[in-house]
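Below is one structure, written out as structure tokens; the observations come after it.
We just call them A, B, C, D, E and F in the order they show up, numbering each chain from 1.
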Amino acid sequence: MTSRVILLIEDDPLILMDVEAALVDEGFEVVTANNGMLAIETFDADPSRIHGVVTDIKIGSGPSGWDIGHHVREAIPVMPVVYMSGDSSHDWEAQGVPHSVMVPKPFVHSQIITALATLMNQPDQI
Amino acid sequence: MTSRVILLIEDDPLILMDVEAALVDEGFEVVTANNGMLAIETFDADPSRIHGVVTDIKIGSGPSGWDIGHHVREAIPVMPVVYMSGDSSHDWEAQGVPHSVMVPKPFVHSQIITALATLMNQPDQI
Amino acid sequence: MTSRVILLIEDDPLILMDVEAALVDEGFEVVTANNGMLAIETFDADPSRIHGVVTDIKIGSGPSGWDIGHHVREAIPVMPVVYMSGDSSHDWEAQGVPHSVMVPKPFVHSQIITALATLMNQPDQI
Amino acid sequence: MTSRVILLIEDDPLILMDVEAALVDEGFEVVTANNGMLAIETFDADPSRIHGVVTDIKIGSGPSGWDIGHHVREAIPVMPVVYMSGDSSHDWEAQGVPHSVMVPKPFVHSQIITALATLMNQPDQI
Amino acid sequence: MTSRVILLIEDDPLILMDVEAALVDEGFEVVTANNGMLAIETFDADPSRIHGVVTDIKIGSGPSGWDIGHHVREAIPVMPVVYMSGDSSHDWEAQGVPHSVMVPKPFVHSQIITALATLMNQPDQI
Amino acid sequence: MTSRVILLIEDDPLILMDVEAALVDEGFEVVTANNGMLAIETFDADPSRIHGVVTDIKIGSGPSGWDIGHHVREAIPVMPVVYMSGDSSHDWEAQGVPHSVMVPKPFVHSQIITALATLMNQPDQI
């Protein structure tokens, strides 16, 4: 079957590699970015290629994970969005997009996978 | 019993009066603003006085209804937020705050009341 | 404001009048049918005119309330659908459409109004 | 149509009368109790007569509102349960029954009505 | 522990084998059918043996996946139902049963597993 | 990353070992108890160390799984709680805590993992 492509944004290289490996292990194809500007460029190059976004919140200068969430939903209103964060998870009520999932750090891989799978099922309901 | 205070933001005076009357009729106390700057000033003067926000999206220059949603949730993460909109309702997935309700115009009063009542029950779950 | 139009289908004239009056009292405009064939003709004449459907299940010969639910969702996938029923409510899991509401008879008016208002808010999420 | 009967438990006579009047105004039949022992006796006399329970938490000596919630759900697992409380609402996560609603005091009548109507629709899903 | 038995219906032999292997890998016992008539015969032979249904929509002549969903819910109203589909996923709002999950093709295995697990937990709530 | 610690309570040693292995395999750290008294002592020694509770219902004399659910939610209102049970699952509506998950026995591991992952994501919403 055709792959499902996830855009993964994280500036900590160890976490990036760890989550990427977990996603690949589940059968996803993964496109990565280590800062917000690169993430948005990658997404804008072909939005319809991306089936879900998993993003850290604080990713250096440039657009934050919150900005990325708003940006991808403007292009594709039903895009699944999963945030990963340590100290920013309490801002989700103010900055997150509706029907997104905040996964507080630290987490186990199943939390990311379950969040993505739940959002990708019945995308018309986001 | 003490009143429940709703901050209502709408720049169309007929809709403002109509919704205000409906809210008062249900037992709410209503504070109104006809633009975003005034809404934020009113809220910031005493955030804990406000128990729910009902806001139009396009309200002239200054902060939009989306901006107001983000602002009040930063101060009080469990604040109930209800948006009213005609042509902006499709932006809710990108600009709305989580666990808010979008009521598309035109609407009947029960849609606003039901949205507010549902969000005000069990506020810890927003 | 423009009215919100509800298509109400019920073959018991007393219940029909009672629910119609409750809906009108809440500000809805109501179009009625006392059998399934008439309901479908009324709907098909101008589907975009209808903003919600409230239907009994057993309405004589011809299409049932279950059939009406499937028919209107085929035309408009986000159409709010509320079923009223006495002895057929246990069939909802098998015959109802997703994100519809079953209101068991007898009921108070608030159950119909709350069901409709909840489904009409954020219609993209049905 | 046959009435829907609500068991209302509250030891403050002013609040009791106020909520009772609001429920009657919506078409409910109301049975009241001003303490937990009386509430349980009233319920046990004929559980199938009761279609919903609205209860204060602190109601003098004897069973609390939490105890009443557990008691009625043991008899009828799908019984709608609505709690009203001022300073005990933060205990809902530990003491409430699943799929119940906590309405924090002070409240407007619509919060009680919306909570009851939502729980009474599709009772098989509680 | 005793196995949980899933009835899997799919007419594409490659997808059937792929999903069957994924389910077995998670500890499910799997019964397969490659058309709707066989699926219904298998189910009717012993409905209480089946704990969940995963079905393609277009499966040749005979009953479709939509028909199978209605059939199994008539026998067991709380039966978990997961649909897999490419071009029919937009019909879910009209043809699906309530509290079912539509998994759009292509998918990763986790989407099927997460959908089944969520529906099998607390079956009384379907 | 730091581990996520699950408190697992089960008096059947085979099921205990089986579920413990499944949780460890997913990256959780597991603390076990084979009776209710030990479970509560373990939890009370350092409540903030525990990130989720998975408990059998009937665990000999002493506190039951229901009692453990109430106890841990009193200490930490957002604690994820998953119950496992054979013949007690029908008591969940009366004895469970809100926003908990009942996994009926027998189950596959994915049901426990999916329940935990869903509850651990966005803990502020429990």
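Definition applied: contacts are C-beta pairs under 8 Å (C-beta built on N, C-alpha and C of every residue); 3 or more make two chains touch, one makes a residue touch a chain.
Worth saying up front: this structure is predicted, and the values here are computed from it rather than measured.
> Going by the touch criterion stated earlier, list every chain that contacts chain B and also contacts chain F.
Touching chain B and chain F alike, sorted by label: A, D.
> Note the rotational component of the Cα superposition from chain A to chain B, reported as an angle of 0 to 180 degrees in steps of 5.
The C-alpha superposition of chain A onto chain B needs 180 degrees.
> Answer with same or different: of all residue numbers used at the interface between chain D and chain F, are over half used by both copies?
Over half shared, hence same.
> Return the distance between the CA-based centres of chain C and chain E, expressed in whole Å.
Using C-alpha averages as centres, the distance is 29 Å.
> What whole-Å value do you get for the distance between chain D and chain E if each is reduced to the mean of its CA atoms?
The mean C-alpha positions of chain D and chain E differ by 39 Å.
> Could you list the positions in chain B whose residues touch two or more of the other chains?
Chain B, residues with two or more chain partners: 77, 90, 92-93, 99, 113-114, 118, 124, 126.
> Residue numbers of chain C touching chain B in their complex, please.
Where chain C meets chain B, its residues are 1-4, 26-28, 113-114, 116-118, 120-124.
> Can you list the chain D residues touching chain F in their complex?
Its residues touching chain F are 70, 73-74, 77-78, 90-100, 126.
> Which chain B residues qualify as touching chain C in the complex?
15, 18, 89-90, 92-93, 101-111, 113-115, 118
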